[in-house]
Every structure is written in C-alpha cells, then in structure tokens.
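Below are two complexes that have chain A in common, paired first with chain B and then with chain C.
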Partner chain A sequence: MRVLVCVKRVPFTGGKMVLAADSMSLETKHLGFTISPHEECGVEEAVRLIEANGGESVVLTLGPPEAVEQLRDAMALGIDRAIHLQTEGAEWDPEATAAAIVDAIRADEAASGPFDLIFFGNESADSGGFQVGLRVAGALGRPAVTGLKGVRLDGASVRCEQEVDGGRDVYVLLMPAVLGVKEGLNLPRYPSVPGRMRAGRKPVAVSTPSRPAARLELVLLVVPPGQGRRAEVLGNGAAAAPAVVEMMRKIGVA
Partner chain B sequence: MSNLPAHARAVVIGCGIVGNSVAYHLCRLGWREVVLIDKGPLPNPGGSTGHASNFIYLVDHSKEMTALTVESVNQYKEMGVFTQSGGIEVARTKERMQELSRRMSSAASWGIEPVSLISPAEVKDLVPFINETILLGGFYTPGVGVVDSLRAGTIMRERAQASGALQVVAKTEVVALDVERGHVRCVRTTTGEIETDTVVITCGVWSPRLARMAGTRIPLTPAVHQMIDVGPVPRFSGAKGDIEVPIVRDMDTNMYERQAGGDLEIGSYAHRPILYDPEDIPPIERAALSPTEFPFTQPDFELQMQHALELVPEIVGDERVGVKYAINGILSLTPDGMPVLGESPDVGGLWSAAAVWVKEGPGTGKALAEWMVHGSSEIDLHSSDIARFHEHQRTRAHVRARAAEGFNKTYGIVHPSEQWASNRNVRLAPFHERERELGAAFFEAAGWERPMWYESNASLLEEFGDRLTHRTAEWESRWWSPIINAEHLAMRERAGLFDLSAFTIFDIKGPGALPAVQRVTLRQMDVPTGRNVYTPVLSHNGGFKSDLTIMRLGDDHFRVVTGGASGMSDKKWFSDHLPADGSAQLFDLTSGMATLGLWGPRARDILMSATDDDVSSEGFKFGTCRTIDVGTVRVLASRISYVGDLGWELYVSIDQGLRLWDMLWEAGKPFGLAACGIGVYGTTGRLEKSYRAHGNELETEYNVVEAGMQAPRVKSEDFVGKEAHLRHREEAPATILCTLTVDDHTSKSGEKRYMLGREPVLTRDGHAITDRRGRRSYVTSAGAGPSVGKHILMSYLPPEHAVLGNGLAVQYMGERYPITAAVVGATPLFDPENIRIRS
Partner chain C sequence: MVLVLMDQSKASMETLTLARKFGRPQHSVRMDAIIPFAPDAVAAILALVADDLDASAIFAAGTERGNDVMARLAARTGQPFAANCVDAEPGSPVSVTRLRWGGSLLESALLHSPRPLITVAPNTLSVEAEPAPIEVDAKPFIAHLEETDLAVRVSDHVDTTGGGVSLAEAKVVVSGGRGVGSKEGFAIIEELAGLLGGAVGCSRVVTSAGWRPHSDQVGQTGTKIAPDLYIACGISGATQHMAGCKGAKRILAINADAEAPIMLNADYAVVGDLKEIVPAISAELRKSR
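Up next, the complex of A and B:
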C-alpha cells in the first residue's frame, strides 16, 4: 500500500510566546522548530502501516527551505521519501496550501499510483485552521474524517475512531481516504541513530509551487492573557504531598 | 515586596555551581552578610550547570587546571555527590597513543594516581559494549566520576545559610551595577538595591553582560556543545545508579559516551564552532527548555553519529534505542581556554569567577574565596587571572576568533609550543619588516609577533654543524628549528640582536614612587638613579607573584619592565599597591616603546661603533642604565642580560625603532652580528644560565628560598610577603630548584628524544619524588644548552635528592631517560663566575 502524511513546520514553543514587531507572526529567534503532536502520530501511523503491510510511505510539506529538517525527522522514523513544496517562508492560507498539495499529490499519483491513505494532523499547531485536510479531500473527491484516535485497516476499508464527548464514533471508509488524526492515536517512537543516518540518504523531491493570490488574509495575532506561566516546584518527595493537595483543592480538582 | 538586605559584605550573582561554592567558601572563611542572588528559580536557575554532563576527568596538561579539578573532586566527595565510575580516553590513532603517553607523564607530574595505559582488550573488559577493534589503546583513570552538581550547589548554599552568614535571593534579576570612582558600590535588582563594596560575577554565559553593567569586560563567549541522550539501552535495563560503566572519551573524534541510568549520553566538541552573544540567550520565561538549552541542530551532528556508531555499535546501532533528547547546550569559552578569575583590573571590588566548568567549580570557588579574603590563593591562578588579558584580547572579535579556534581542540593534541592561527599580527614591532625580510618564524606573545628564529640564519647550521643537535622525532621538532641553537652559538661567539618588544613597560612616578615600588618588591629599590634591579615580586604567602626588572630613572621615577604574558596582571598588582593619596602614579608605556637586546662578546664593539657615548666596561657597568645617543636616536640602555652575555637592553620609542635596528645592523656587520630569536632568549641562553622564568619555575606555590634566590639580607622596608619570606628563611626548604642534564637521549627504538618540559622527574628506578609538602618533582623548563653540549632541565627536588651528581630519571613519551643533577641552587652551568656578563 501507499501512505502519504502531510506535516507543517511550526515553532517549538514551551515558554512565553512573543510576537514579531508587526504582530503578524511569532518571534522565533529563540525557538526551535517541530511538527505538531497530531502530525507526529500521523507519521507514526504511516510507518506502522507500511511496516505491517509493505509498500511505500511518503511525507509532504509546504514550507520554507528549512522545513527539510522536519521531512528528515519523519524519514528518520521510517518514512521512505519526501516531497518538499518549497515556499519563501511566508505563511500560505489554507486554500492555497491545499491547492498546492493537491497538485503535488496528483503528480505523484500519476507517476507512482494512488495513495491508499493520506494523513493530516487534525489541525496545525500554529494557525489551527482545521481546513487543509478537508480541502484536499474535497478536491480529490475522497472520503475524509477528522478527530481520529483510532485507525485500523479492514480489507479495502479503514476503520476510524473519532473522539467525541463521552465516547467514540466509529466510521468505516473505503480507501483511498483522507484522515485527520489527533495526539493519542498512538505513541510515536524516538528516532534511532541508524534511522537518523538513513534519513540523510533518503530522497527529497523539491518543487516550488507558485503562490496564488490569497483570498483569506491574516489581520493580526494576539497573545491571550495569562499565557506562558511557569511551573512551580511545590516541594520534593513525600514532603510535597500536603502542598500538592492544597493546590488541588485551590484549583477545584480535589 | 523586596526581601533584599540594604547592605551586604559581598553580593555573589549567579547560583550555578560556581556562585554557590564562592558564597559557601566566603562564609567558611569568615565573611558574614553575604548575599547570593539569581534571576532564576532554585535549585536549577537555568544556566550551564543545569544541563552539564557532570563528569570529571582528572588529568589535564595544565597544572593549574588539574589542581583546581582535584580540589573540586575532594569537595564533591566530602558532600557525598561524587560517583566514581572510572574513565578511559581511547585512541584510534598512533598520534593519539603518543598523546596518551604524554597524559601519563602529566598524571605523574601532578600526582594523579592510579592511571594506566591499557590495551584494546582491557578497554573491552571495562566497557563491554565498545568496539575495541578500532582502538589502539586507552588511558584509564579509575578516579574519574560523575557528580550531582545541582545537589552540590544546594548543599553548599544550605550550609552557608545554616551558619547564618548567607542570604539567598532567587528569582531576582540584577539590572545595574553602580560604580563610583572606580569601585563597585551598589547592586540594583528587579526587587530593590543592595549597597556593597564587593560583587562577584558567577553568571557563566551571562557574565559579560553583568561586567558591561559595571563598564568593564569579562572576555568569554557562549558556545554550543551538542549532546544527545539515547535509550532505553537494553544492557542498562535494571541499572541501579546513574553510572556503572567507565566514561569513554573518544579523543580522536572529539566525543564522549557515558552511561546515564538506563540511557547513553553522547556529547561532542567536534562540530563547527557555534558561538553566541549573551544577548542571544532567551529570558527564562521565553525559553522552551532551559535558557541555556538551545534547539538541537541535527546537521551539525551527522558525522558524530557515524563516529558513535563505530565506537559503540551495540547501543548506537540498535534500532530499538531512540534519540530521546538532543540539545545544543550552551557553555562558556574563553580566548585561551582558561577561566576568568579575580578582581577586575578596571573596577575595584568587582570579582569574576566565569568560564568555570562543573569539573573545577568547587575548587575554583575555594581558591577565589581565599584570594578575596586572604589576598592570594593556595593554588596559583595566574593562568586564569582576569587581569591577564591585554586590551585587544578583550575585544569581541578576538574572543570569538580564539574561542572558535580552540573549541575543536577541546580533546585535541596540543603541542606545548603550538601557535594560534587566528587574529595574528595584532602588535608589530617597528623592526617587523626587517624581521620578515630575514625569514623570521613568528610566535605570538601578548599579541606581539616575535621571531622565534630566522630562516636566513640557516647558513649558520653549517658553521656550527658539529655542535648542533638535530631532532628527528616529529613531536619535538614541531614548532622548533635547529637554527635556534645555531643562533645561540653565533651569539655566544660574536653577538646577537633580539627583538624584545613584547615586554610590558610601565613607569611609577611621583613623590610616593619609591615607597610604592618598595612595597611590592623583594629587593632594595632605594638604589642610586641609573641602577637596574632584577627582583622577585611576592604574593602574600611569600610565593612568586612575578619577577621583573626595575630601573631607577630619577628620585621619583621608576621604570618597570616585565614579560608580556604576566604584564597586565603585574600592572594591576602595582596599581593596587599605589598609595591611596595619589602621590605616585602608574603610566603604561608598553605600546609606545620597542626594545632590542644586544648581547655577545662583540656587543660592546658594535654599540661603540654606533654611539659616541662611553659604553666601555668602566664607563657603563653591569647593573646600570642610562640614555645614550645612537646617531640621532635617544636610547635608554640598560646593562643587564637574560642570556648570560655582555650586552644591553635598548629601549627606544616606537617611531624611531626601525632606525635603531638599521644602525645596529649596519654597525654589527663587521662583527658578525646575527639576528637571534626568542628561542635563544627564552630557552637556550636562559637555561645555560639557570635563569628562572615566571610560570615555569616561579609560581606562588614555591618560595624564594626554594628557588635559591634569597639575598644575604632582607631590606628593612615592609613589603608584600615579607612576613612569610622571613619565615621561609628560617625553615629548611622542602624542595630546592636544581638544574639537571640528560645523560642519554636514546629511546628503545634507538631514536634520540628531547624533553620539552612538564615531565615527571623520578628516581632512577622509576619512583615518583614528592617533597614533604606533597609537591611532585617535575621538569619546570627544558631545552638545549648548545654551549654546554647538554639538554638542560630544571626541577625542584627535595633536599635528599638535591645533591650534585645525583642520578635521577625523567619520564618522556612512555620511557625513562637518565638525568643527573648538575647544579643545586642558582649557579649556572655556563660561565658560573658570570665573567662574560660583567666583562
């Protein structure tokens, strides 16, 4: 089988977020980059599916030249090859992103056959538009389901579990299909050193799609109040228990 | 609300391993009202201590660094935070095996035991997962271990707090340091201010920023050290402790591998130098991890993965073992690889203990506290002294250039004479063009380019052919030329012209000048105008702070001439001891003056033919100085010698230096004058005369009597170190400086080998020699003595060994060579009556 997973390079935030001077992007001077936890689960699922069933896994991103780091990270975990839709760095809106990805998928499928499954993270970690996966599915005319915490192959179908309040909804989709997955789908592995070394030798197909005029415009970013608070150590060992209990009472969980 | 005290005896800024230990030792030595402050939370405020790999290797070629490390280990052990694991530095190449045998020598010189060279199979026995097939051997130090540096910091902090002497303030950032009339007065923080006369900057990679707040500099740069953690390692499952297997340093690839519980930690100093500025370090609240753990840059680690896979394939090649954690950890690098310790030369009361790593942290804290409280430390810190830097060495460009160059030498094979390649040609003598034309091999001293020898003197090789030794071994012919010895013989037979412009020169002037210089010198300075005096400068404990020459140029005018390496710390020492009433002032002339040395039996003939002034034996006596005319150039001539021959040091203003060179060169032609390099001045000429050198024979750990430099009488005036010196004169010396010669240079392979210095001196049957104060005997200086036909070594020997003709041995590159004590005390091998110098 063939599996595609789409990922997005995003800043690795752990501390207080600070905006660039124009409030149009995050100040990333001190930050590393990663992909979202949802997408990490998508990568892991793609690797496991190919390990179990044979075939080929491909990772795709649309992003700046540096996004090749995220492609290599995915290949270090076992993805076979990568497609890099290279941009000049500025954020593309979801419609434009989806259109470029659709073109790339069509081209790859024309050469190598259809992808049975296309994984997206449920939403990107930074802009959180919840759109790209669904737009791609719509354009390709393939069934899609999002919010997935369970994926299992069943012959020509895929059985998907979607997390909802109080339980799970189960869908069975005929492949090829597009799946939006969430953190918790699986426990992603760490890359091994041999995996990292292999990743450096795996192929990355680079192309530079032209950016269409945006019909969706970012106006301004605002950092919500209270963001970036730090953990506080309440104590060490058993002696910390009373302080923990008191804190749990205070915040209403005990 | 602020919980800051209004006043403090001292404010220590930074709660890493260094700040905690400085604060603790200050309190232990009796200081009260000490405040320790950090912008971060405790126990891990987010500096380099928090992400350190925390292992400690004991042996370093630097005596000072080894001493600080050993002291640190003792403290870590006392605190119960040291886990001994052993450590092996492994060799993949023959060059590295030779380097490991040098490490054996350094271990013996500094008294680190036990250590051993072991075979690949023995490495495998100790580290079962290693691929020994790519190794040639290893240097095993069982005493290597791992510490819990955060716990150690906490223990020291809490001990000091329990004594009531220390107040700790976390999550409070220093925003300004107030300086009034050259002295620190106040620390301003985000929660209030503290008045104090003493501030210690122990802020690791942030230190330059704090120094700038006080208008001065701490020359270090934050730099990346890459580390990854892989696991879980099946072999380590069920590991009971942090470490149970010796730590491996893969020296040839600049990497290390160590067990960390169930994981393996792999670190590297092999990647490209990645330097930052303190401003690049994020504030705590904006850091994804700790502020000093930067995002890992995978492309810089590609080759290192390959190297780790080669050495520990069982673990690193295991597909089940994942890279769990990877950081670009930020640590401090300095332009010369040594820490930055001591009081700022610019701001009184502002102390630095920066660029100190975990392995030497507590020892450094103790030494700095001793320095602050007693005026000097037990361990000689001259290589780490913040005052050692010349102006250009404190610029950002220099710090970055040298830090970048030094980084990949962290595990390097560094020759003792190795020269830096970056930021050269900073300070040029006026004779530089002439020297270049003569094919000078330039070595650097304090930024000055000094000829070590001149290729144009290769013609002398033939003339002195049968009296020259030729070194065939690559190691000791590196950074060396037989021309040095030929220049030496030309000087001894005719005359040599030396460029000595790297001297640091400063004047002490004013009505209080005489008492000011008396205060810091061992010898009597109340001499007639026109006399020069060579004198030790003592530390408070009576050891050697420095040695230098002072000329009395007038009733209230003294000129101090000292070496480039120690020049700036000497300058601070003199400045610190100037009278408070301003009655004497220091003027630095270094960059305005050039110096030539003219020595040899024909030196007088040459100078005579260039000057109309009386430079005869009677007219210009040894030990005197005065200004003479050489053509139209006014030259301060001082009859003194560090090479043991008749002649002068000639001081000239920079603008007329070239003219002086040209006139002397012209005058010297009929007499066979040769340009001579520092190889003669600093090594061969000096050693034939058993002249001591600071940093070699002369350190604060040795006293005047031990060095054989006591005068018949001690001057009546008070001076720093006098009390200790008087005591030393009453005691039998624990050790005595001797000059030795090598009896046989032949190694087992038949090749002749020549020691370079710092090697252990042993008994003939190979036993270490230790004096009653626990100091090992080692070679303080080594070099050829072309006129005496011997390779000369100097070493301190305990009285029972300091016996003329006593047969001993020196360990060099894994073999022992017989040596003999040729001189006990200060009498030189060459011209022991000093007839030449006085002729």
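Up next, the complex of A and C:
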C-alpha cells in the first residue's frame, strides 16, 4: 500500500508567547521546532501501516527551507521519502496550503500510483485552522473523517474511531481515504541513531509553488491578557499543608 | 439573512450571540438533520439552504463537529473559513479575531468572502438572551443529496467511559508533570485526587514518556478541563499545558521552582518538593475528617 502523511513545522513555545517585532509571527530566535503534535501520531501510524503491510510511506510539508528538519525527523522514524513544498517563510492561509498540497499529491500519484491513505493532523498546533485535510479530501473527491483516535485496516476499508463525548463514533471508509488524526492515536517512537543516519540519505523532492493572495488574511497577532498574574504563595514545603487545606475549605472543595 | 448550524450545546447559544451582529432574522440547520451523523450530508444541506435563502454568512460552534462540517462546506463551495473566532465584525472584508495555539494567542484576520464561514470558539462569549420573542416562520425545505454525501457516516459507537470521575467534568483535578519523576510517582497524586473526589491528570511530557495514558493528558492536544480547583504538581506551565487548564476557576501550583512559568498563571503556590508536599496535604485532609 501507499501512505502519505502531511506535517507542519511549528515552534516549541515553552512558557510564554513572545511576538516578533512586526506582531505577524512568534519570536522564534530562542525556540526549537517540532512536527505539530497530532501529526507526530500520523507519522507513527503511517510507519506502522507500512511495516505491517509493505509498500511505501511518504511525508509532505509546506514550509520554509528549514522545515526539511521535520521531514528528516519523520524519515528517521521510518518514512521512506519526502516532498517539500518550499515557501519563503511567510504563512500560507489554509486554502492556499490545501491547493498546493492537492497539486503535489496529483503529481506524485500520476508518477507512482494512488495513496491508499492520506494522514493529516486534526488541526495544526499554531494556526489551528481545522480545514486543510478536509479541503484536500474535497478536492480529490475522497471520503474523510477527522478527530481520530483509532485506525484499523479491514480489507479495502479502513475502520476509524472518532473521539466524541462519552466514547467513540465508528466510521468505515472505502480506501482511498483521508484521515485527520489526534494525539493519543498511538505513542510515537523515538528515532534511533541508525534511523537518523538513514534519514540523511533518503530523498527529498523540493518544489516552490507560488503563493496566492490569502482570503483568510492574517493582520496581527496579540498575546491575550491574563498572562502575568502572580500566585499567592501559601508556604514552602510540607509545612504549607494546613494553609492549602484551609484554602480548599474556603473555596468549598474539601 | 444569516444561517446558523445549531446543536444542543451552550456553544450554539454563544454562536447565536455572535451571529446576531450580522443580522436577523436567522435560519438554522440542525447538526442532527441526518441520523446517524453524516458530516458531508450536513455540509450539503447547509450549502443548499444557504443558496435558497441567499445567506450572507454562515455560523457554527467551534466544536469538533462544527469545525468539521464548516471545513467541508468551505471545501465544497470554494470559500475561505475562519475557525474558532471570539469576535467578528461584519463588512467587506469581515474582520475576525480568532484563537491560535488553543487560545494562548489571538489573531486578527480579514475574511475575504461573499459568504463568510465562521465558527465561534466555545466558552469565550457571554450568551445574550434573545432580546424579544420572535415569530417563527417555518417552511419545509427538501434537500436533495447525492449518494456520495452519505459515504461518510457513523456506523457504530464504542463506549469508553470507564468508572471514576471524568477529567473534563471533575470539580477537582490533580495533575502531575515531569517533576513527579516516574510512573510509580503518581501514587501520591492518585491518593490526593481520591481524597478530594477528583480526577488525575498529567502533562504532555508524562504521556510521551508512557507514565500515564493519553486520556489523562490536560492540554492543547489533550483534554480541556474546567474544575473549581486545579492542582498542578511538578508542571512547569508550558503554553501547551495552560491551553488545557485555563478553564479552571483556581489553580494551585506545587513546584520546586518559584520562577516556573506556571507561577504567572496560578492563584496559589507552594514551593518545594512535591514528594513531601502532596502526601502532607493528603495527611492534613485525613486528619481533619
């Protein structure tokens, strides 16, 4: 089978949000970067599917040149090759992102055959648009489900478990299909040293799509008020226990 | 004419509140228009009704289902879509303020669309009562769906609610982070949660290490909680975590580091070794019973 997983490079934000001077992005000078969390589970699921069934796994990202680090991270976990839709760094809106990914999928499928499954994160950690995967599915005319915490192959179908209040709803989709997954789907493995070595030699196909005008146009980022209250210190060490219990009584939880 | 996708949630009432800024009267399509749930069919019905009414904007709650159906509608109609807005001003373009990073950051954006698609982030707006009783003008509408609109459809349900207190609804949540040190270290967290009739939570570091199941994770990519008291033990307070617990009425941070970021978001703090402090609180609670 063939499996594609789409990922996004996002910063580790740490303890607080600090904006760049133009307030159009986060100040990332002192931050590390990662694959957006839901998508890490998409990568793991793609690797497991190919390990179990044979075939090829591919990782795709749309992002700046540095996003090749996240592609290498995915390949270190076992993904076979990568597609990098390189941008100049400025953010693309969800519509433009989806359109570029659709073009790349069509080109790859024309050369190598259809992807049975395409994984997306349910939403990206940073911009949280909740739509790129569903837009891609719509354009390709494939069934899609989001919010997935369980994925299992069953012949030509895939059984999907979607997290809902009080349990999980089950959908059975005919492949090819598009799946939006959430953290908790699996526990992603850590890369091995040989995995990292191999990742450096795996192919990355780079192209530079052009960015259309955004129809969801970012104007400004703002850090919401509320950060910066200061905790009332009830004490130090075990000696604080009576003060803690008194506070619990006062607010009615003990 | 503004169209709203409604369900039974409080988030739908918040959605109506924001939608009123864009005009009245309003028409609604119900999330359970198709049972069992078929998201493409709901999106198709919204598109048909919107065309029939010449709707100027479409709103839904920013729940998992609301965002999912609106994204399908956006894909189907080739329109932009702004998810999880906390405010919106009509105009051309529409100005929206929306959540990023699970609410740790706000974005001002312009939505360039003849028919703006907007979802409203839950628990961010105060609900306004309907100003006056409205005359309901109901008319039948028959939606003609394609077979493909029903290809994605709920076919079964698995109940995963175990015993114990649900994390999302608990009045008290006691969470452990990296500072707990190990899987076994959670025994003292469980003990305190048990004494308070609360639930056990944890940070992302803990689930990544395999110490606790992901269903215990409080955070942007875990469960969003809203207890009366949140007790965060050995948790530094990364934005990923705070996005999950900002609904807590009060936060008590127990941390060895008095300068940890969580101190800036907590109401109360105890500084020191959680392995001494947490059992001491449990002992104090027992003593006074």
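The working rule: the second predicted complex is superposed on the first by the 224 of 254 C-alpha atoms of A that agree within 3 Å, B and C clash if a C-alpha of one lies under 4 Å from a C-alpha of the other, contacts with A are read in each partner's own complex, and residues count from 1 in each chain.
The definition used in the following text is that contacts are C-beta pairs under 8 Å (C-beta built on N, C-alpha and C of every residue); 3 or more make two chains touch, one makes a residue touch a chain.
Everything numeric here is computed off the predicted structure, so don't read it as measured data.
Engineer: Touching A:Ala238, do we find chain B (first), chain C (second), both, or neither?
Structural biologist: second
Engineer: Between chain B and chain C, whom does A:Thr13 touch in the aligned arrangement: first, second, both, or neither?
Structural biologist: It touches chain B and chain C both.
Engineer: Just chain B (first), just chain C (second), both, or neither: which does A:Gly166 touch?
Structural biologist: In the superposition, A:Gly166 touches chain C alone.
Engineer: Hey, is it chain B or chain C that touches more of chain A?
Structural biologist: C
Engineer: Output check: A:Gly200 vs chain B and chain C. Expected answer is one of first, second, both, neither. What do you get?
Structural biologist: first
Engineer: Touch test for A:Arg189: chain B only (first), chain C only (second), both, or neither?
Structural biologist: The first partner, chain B, only.
Engineer: Using the touch definition from the top, say if A:Ala110 reaches chain B (first), chain C (second), both or neither.
Structural biologist: It touches nothing on chain B or chain C.
Engineer: Once the structures are superposed on A, label A:Phe130 by its partner contacts, choosing first (chain B), second (chain C), both or neither.
Structural biologist: A:Phe130 sits against chain C, while chain B stays out of touch.
Engineer: Classify the contacts of A:Ala254 with the two partner chains as first (chain B alone), second (chain C alone), both, or neither.
Structural biologist: Second partner only, chain C.
Engineer: Show me the chain A residues, by the header's touch rule, that chain B contacts in one structure and chain C contacts in the other.
Structural biologist: 13-16, 228, 230, 232-233
Engineer: In the complex formed with chain C, which residues of chain A make contact?
Structural biologist: Going by the criterion above, the answer is residues 13-17, 26, 37-38, 93-95, 98, 123, 125-131, 134-135, 137-139, 141, 143-147, 161, 163-164, 166-174, 182-184, 187-188, 214-224, 226-242, 244-245, 247-248, 251-254.
Engineer: Using the touch definition from the top, list the residues of chain C that touch chain A in their complex.
Structural biologist: Within the complex, chain C contacts chain A at residues 37, 39-40, 62, 64, 67-68, 70-72, 74-76, 79-84, 93, 95, 99-113, 119, 148, 151-161, 171-172, 196, 198, 204, 207-208, 210, 214-215, 217, 220-222, 228-229, 236-240, 246, 249-253, 258, 260-261, 263-273, 276-277, 279-281, 283-285, 288.
Engineer: For the complex, give me every residue of chain B touching chain A.
Structural biologist: 41, 230, 280, 282, 284-289, 294-296, 298, 302, 305-306, 308-309, 316-324
Engineer: Provide the residue numbers of chain A that touch chain B in the complex, in ascending order.
Structural biologist: Residues of chain A touching chain B: 12-16, 18, 29-33, 69, 72-73, 189-197, 200, 228, 230, 232-233.
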